[in-house]
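What follows is a structure written as structure tokens; I'll ask about it next.
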């Protein structure tokens, strides 16, 4: 990179002569190597999905949940440095909570997006902090309907119909464009299946690594506007659909094979996420 | 326990009953009024200033200028009414300069009430604020704790009851300027005659729409003192000069210098 | 404990108080706020034509009781919050306004004597709402609310005579009778009866003079 040796990449609060902030660009690099995350906006809600690479065989399956809930009606998924994401979500929760305590109503999603965007942008302005090493996709349903936003390390926060980030974003974006190009808008029920498919296809280039699939949704009918995880039969169906569509049938996907870690599968006695998709606090 | 501690209350009661009287809080007597009339507003005040039972100043000024066309009559603690009107007057001028607009009465009132509320009544200023601005003539009052009232005629101070009696009986809608001035002056006089804390003269300030404010200092002087029958002034030369000497404390030099045109 | 328990909500010396009769009533087309107009300093009536019905947003108003200074300051702060809220998020709900009132009244309960009724008309739901926020800073959503020193005398009357979904004329009449009784029996209430009607049509102000409401 041209910045090497110039010194302009050492500080957040210093521009390079051609007007770039290298620290932010490095943060984007961190995101580009992260796991693929996507979000889809539908007529009746939003759907989030993320690819969870199995980095160790010792990890407990389905225990390490990636998608988070910012407020009861807002979900968030991100790619990049995971702890940065958890920190940002925590900030989002504080904003949502303070809004509700003052105004006695849930925070509108665009206002939450604005506040989180400002917070991330502030981390590109000061020498004493580093930018967030994540791109977050978040959204939900409020009194104005569904919203979906993607927030980048620079603080850019734009609204999308479909958003993808992480390693497989190119494939994912291409697929999302095909899915969302149609005349009729998608329903969340359909989008769950499509989201699974997109994650499976984005994983194609990374076939040698095992992964788990995590999906969550906010739906007017399906979740009464709340953010919940997709579990049980609904998740199995989505995975089934994804596999068929991506013709990755060569994966060994027998559910009764205990040693099988090749793909995402679901068990009904899930501990971290219960059947309603609520997260249990231990 | 929440709130203030009253642990010493009984002790103080005991001490009071024994001998030493409790320290007296100083309060100042005053009569001030404000009256709206057709095309403007005016304020008036008496000119007595007291310290306990003593008249401290027989002709003090209780009408304060906040801006050229917003004036204020003050009752309560004299130091506080002067300080708070000077402060808000200063801030109003800066605000007017930075916004390039004529100052408004509501602005002055809002600044006063927020300042007084912040001090929870410890600034003992009771003011009648009046003036003309681009939105018309206005008459309002503010109490030490920060509450405000709006009215066509107002009175404040220890003589306010006497003054209000006059205003209540004679005020009507559509008074002319002259009628309003004499009504206000009569109201102040009611205070001067019937309230121990008020006295001496009547000051008036008339603010008409589109005109400069007219400050009528000592508009009425019903308490002019009779001239003394004998004068304590001694004519020049009463004291004899026994000797005179002039000492030069420095040398004086004179020099003529031509100045080039 | 040595000493004397003193009500911390007692007014400071010389403070202007709204010894008051206030109420707000929901009806078929919205909500009506009502109040007497007396402001007192001790035994002296400092203002006989006070306006205790204060606007904090276009169609969210409040009735103030307690200290005049405190309630005016609180209403000013709430108005500021709602202005800011409007530019950020659009028209606020009455519940949101009540929530801001509550936050201020609750967090400063040691320093304030303010009993406030918040009432508003929601243009989206076409409904009037009333929230009562008494001294401690609690919030009570009610069909109608009465407060102030004069309210003590009309609990029974209001309970017997309030009906759901009254017409505007019925409601005005009900409030006129209620406040008339409150004023009659409470020495700290008096003057004129002021009302503010909040409906989809907008805001309407009403005044009733003693010769009318005293001879109902």
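A, B and C are the chain letters, set down in written order, and residue numbers restart from 1 in every chain.
By definition in this document, contacts are C-beta pairs under 8 Å (C-beta built on N, C-alpha and C of every residue); 3 or more make two chains touch, one makes a residue touch a chain.
Remember, it's a predicted structure, so these values are computed and weren't measured experimentally.
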{"item": "Set of chains adjacent to chain A and to chain B", "value": "C"}
{"item": "Distance-to-centre winner among chains (Cα means, whole assembly as reference)", "value": "C"}
{"item": "Chain whose average C-alpha position is farthest from chain A's own", "value": "B"}
{"item": "Rounded Å distance, chain A centre to chain B centre (Cα mean)", "value": "68"}
{"item": "Inter-centroid spacing, chain C versus chain B (mean Cα positions, whole Å)", "value": "35"}
{"item": "Centroid distance [mean C-alpha coordinates] between chain C and chain A, Å", "value": "48"}
{"item": "Overlap residues in chain B, where contacts from two or more other chains coincide", "value": "none"}
{"item": "Complex contacts: residues of chain A adjacent to chain C", "value": "101-105, 108, 111"}
{"item": "Complex contact set, residues of chain C against chain A", "value": "85, 88-89, 92-93, 95-96, 98-100, 103"}
{"item": "Footprint of chain B on chain C - complex, ascending", "value": "1-6, 8, 12, 14-16, 39, 41, 44, 46-47, 49-51, 67-70, 72-73, 76, 110-111"}
{"item": "For the chain B and chain C complex, residues of the former touching the latter", "value": "1-10, 110, 113-114, 116-117, 120-121, 143-151, 161"}
